[in-house]
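Input: structures, listed below.
Shared chain: chain A. Partners: chain B in the first complex, chain C in the second.
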Partner chain A sequence: MPPDGAVQYFEESPFPRELGTTTTGPRPEPARLSYDKFWQEYHSSVERETELDVRRKRELQIKLEKFTQYPVGWDSYGAPPLRSDTKDFALSVLNVIMQPRTPLPHVAPSSVGGLHVEWHERGIDLELHIIAPYDCDVWFSDSRNPDAQPVEDKIANADFAVLTEPIDLLTSRAD
Partner chain B sequence: MLYKMLSAPSTRARQVPSIVRRRLPDFKSPPVTEVVLSVQFAGLPLFRGVHAGLYWREIRDEYPVVSEQTPIPPIFETFGATPMLTSFQGQIMLPPPVRHWFETPDGEHLVQLQPDRILHNWRKRSPEMEYPRYESLCAKFTDEVDKLATLLGQEGLGEIRPNQCEVTYINTITLPGGENPHEHFGRITPLWTGDLSEPSPGSPEITTIQTRFVLRKDHTPFGRVYVTFTPAFRAIDHKPVVQLEITTRGKPEQQSIAAAFALLDEGRDVVVRTFASVTTPLMHKEWGRTDAA
Partner chain C sequence: MADSNNGAIPNDAGLLRRIHPDLVTPDKNLGRSRPMTGAFLGKDKELSVDAEPILRQHGLDLSFSLRNWPNFSLARFRAGDARAKGLRVVHDPCPEEQPDNPAHTLVIGATRSIAQALACACEWPVELSGQEPQRD
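And then the complex of A and B:
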């Protein structure tokens, strides 16, 4: 007998199990992906990403994947490769801080299995060291603003709103 | 069975947030058809399929049915100025590790295991099946996580360092009197009135609603609640139903199993309160709400 709770959706796509739920029958994308899609569609009606943007983002993702494949001792001093969960967390952080025209950061693995994410352009130096999920050091300075003091901070929670101003500047300031 | 908080027998001393001790909405006949408890943790690089086999040996008596699925990608709740305007989602290289399913013979209970996550699903597999209390599901899950932690220690694979916890409740909703819920969404949820400013398009044929809320502690965001209403047809009789899925996900205060279970308790509390908030008093009556709203 089919399970009482089994439901059949209007959508015809195969049932993805990304979120670990198993209710039988085809169903739409999980909520998180749908939200992403919503924002992409919303965004595309305002300012469409270019093919170049998409390609560069993909290159960045591939770089991070490669960092996770590095052998132990890749820096000759016993450094571990970028942790897989730290890589995924870094992508999640980029998701919430990047704006449509924010330049892509330079990335490099760190000696503790973390990731350096850096911007050095338009008079702005912004550096994140993502050591592990929810463990991140931030450094920021703005050489074009004589009144601005360099900022050094530690983010040990999920809130990256402190990066709003630097990212706004990086995104809106002319070269 | 009741959707309510009882003092939970547990194999682990847990720090229960004060919010959980407040009285929860109670329903005699909640429409819940699936509950998922999930703990995501720092990936175990040395964990292999054979270790999943060793884990199965520990739970095989209860979960004799085994299958393999593609792994669930890691998900982190993060917060910035703009919610997910750009997308860095997706796996460039498909991860080789698999997700193992260990099921009870009737499929009611399911344990899912992969190198960075463990889940427990309860699924209503027949109309007669009653929703077990959250506390009993949580006690089972506690035992399963304990067994995994012990195995990891014995095999020198590391320890469970939780970084995200999830609670999902899936509800299958019908309307009293056999009315089509797809045409009367407003009777199920206050989120939808169905009012149109011009009558020309007529009434909606089907409706889908998604919304989400931010969870905060001391003004700092730590998680989200996702709410989705989806029109569907029940497989057993092709009756139109609405599926309400509520998921809470967030970061535990510490990377410990105790903190993860504290957050699961809190997440369940949030799910139940959200369920009551996004459904109408009409439906509460239908489900036999027993507490004072």
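And then the complex of A and C:
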């Protein structure tokens, strides 16, 4: 047997008959194949997740684009359409805070040319009113945590740390 | 503008707010659809509504509130609920943007948390399909 014969032997034949009769079944698939398969599946699931993420973000982008084209008074009470700079800012914020498995928020234009972004699921109520770039109101409540007080905050810069906890909960918590 | 916070619009009066379809959110925590909180946040903390008893006094019904907006829904909350949260309910008939609306009323002072409470507690007198429910 050549020096690497043993390796070759293990890899090529899951059930080497030349060793004679045996009462045991074929050996399970070699560990190395399972390892390859694992990575193959892992990569394809990551690719699927990335594709999904890109598609979801594209859907949001199309929606927000549509809001910028609404006529003045679209809500029947004189509201202006979503401002273009606010749309761009909102998309960049969502891109930063949302993770691949974060549920999509419900979005709608606001009465002042801004954007309402709301999640109401998994016990979380998270509302973000993007009034204009770097001018946002945040409201967050967690009904499954009796000790947690509702959080109301104003974001006037690019620091969205206040959204980290609710987004993590929305992403990781079961329905 | 007549200040009807003194009771001219009674506490049990229904106040009707038109809701654009985009402003209806599926609230999975409540298990039903409701107006987004933002639908109850007006400019300068002034929320335009129609007072139901005044509509009736003028021989009008809910369809008047949707006369130019057939795809909208109508959400209703009580004047008493708004007052209980410290809001003013002010009859403001025929404003410039709605000169034909004798029932136009302003609810003044809603903060985000009050708007959310109203959005969660309101009824849908006109279903999302735009149909007024049958009356008994």
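Everything that follows uses one rule, which is that the second predicted complex is superposed on the first by the 122 of 175 C-alpha atoms of A that agree within 3 Å, B and C clash if a C-alpha of one lies under 4 Å from a C-alpha of the other, contacts with A are read in each partner's own complex, and residues count from 1 in each chain.
Here is the rule we go by: contacts are C-beta pairs under 8 Å (C-beta built on N, C-alpha and C of every residue); 3 or more make two chains touch, one makes a residue touch a chain.
Keep in mind that this is a model prediction, so the values were computed, not measured.
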First (chain B), second (chain C), both or neither touched by A:I97: first
Which of chain B and chain C A:S143 touches, first, second, both or neither: second
Partner with the higher number of touched chain A residues, chain C or chain B: B
Chain B versus chain C as contact partner of A:S76, first or second or both or neither: second
Contacts of A:G123 with chain B and chain C, given as first, second, both or neither: second
Touching partner for A:Y134 - first (chain B), second (chain C), both, neither: first
Partner chain in contact with A:S110 - chain B first, chain C second, else both or neither: second
First (chain B), second (chain C), both or neither touched by A:E65: first
Contact residues common to both interfaces of chain A (with chain B and with chain C): none
Touching residues (chain side chain C, partner chain A) in the complex: 18, 20, 22-23, 25-30, 36-38, 41-43, 48, 68-69, 72, 97, 112-113, 116
List of chain B residues in touch with chain A within their complex: 33-34, 36, 38, 42-43, 45, 69-70, 72-90, 92-93, 107, 110, 112, 116-117, 119, 121, 123-127, 129, 163, 166, 168, 170, 172, 206, 208, 210, 212, 220-223, 226, 228, 230-236, 238, 241, 243, 245, 247, 250-251
Complex contact set, residues of chain A against chain C: 67, 74-78, 106, 108-112, 116, 118, 120-125, 127, 129, 137, 139, 143, 150, 152, 175
Of all residues in chain A, those that touch chain B in their complex: 1-10, 17-25, 27-28, 31-36, 38-40, 43, 49, 57-58, 60-62, 65, 83-85, 88-89, 91-100, 132-134, 157-161, 163-164, 167-168
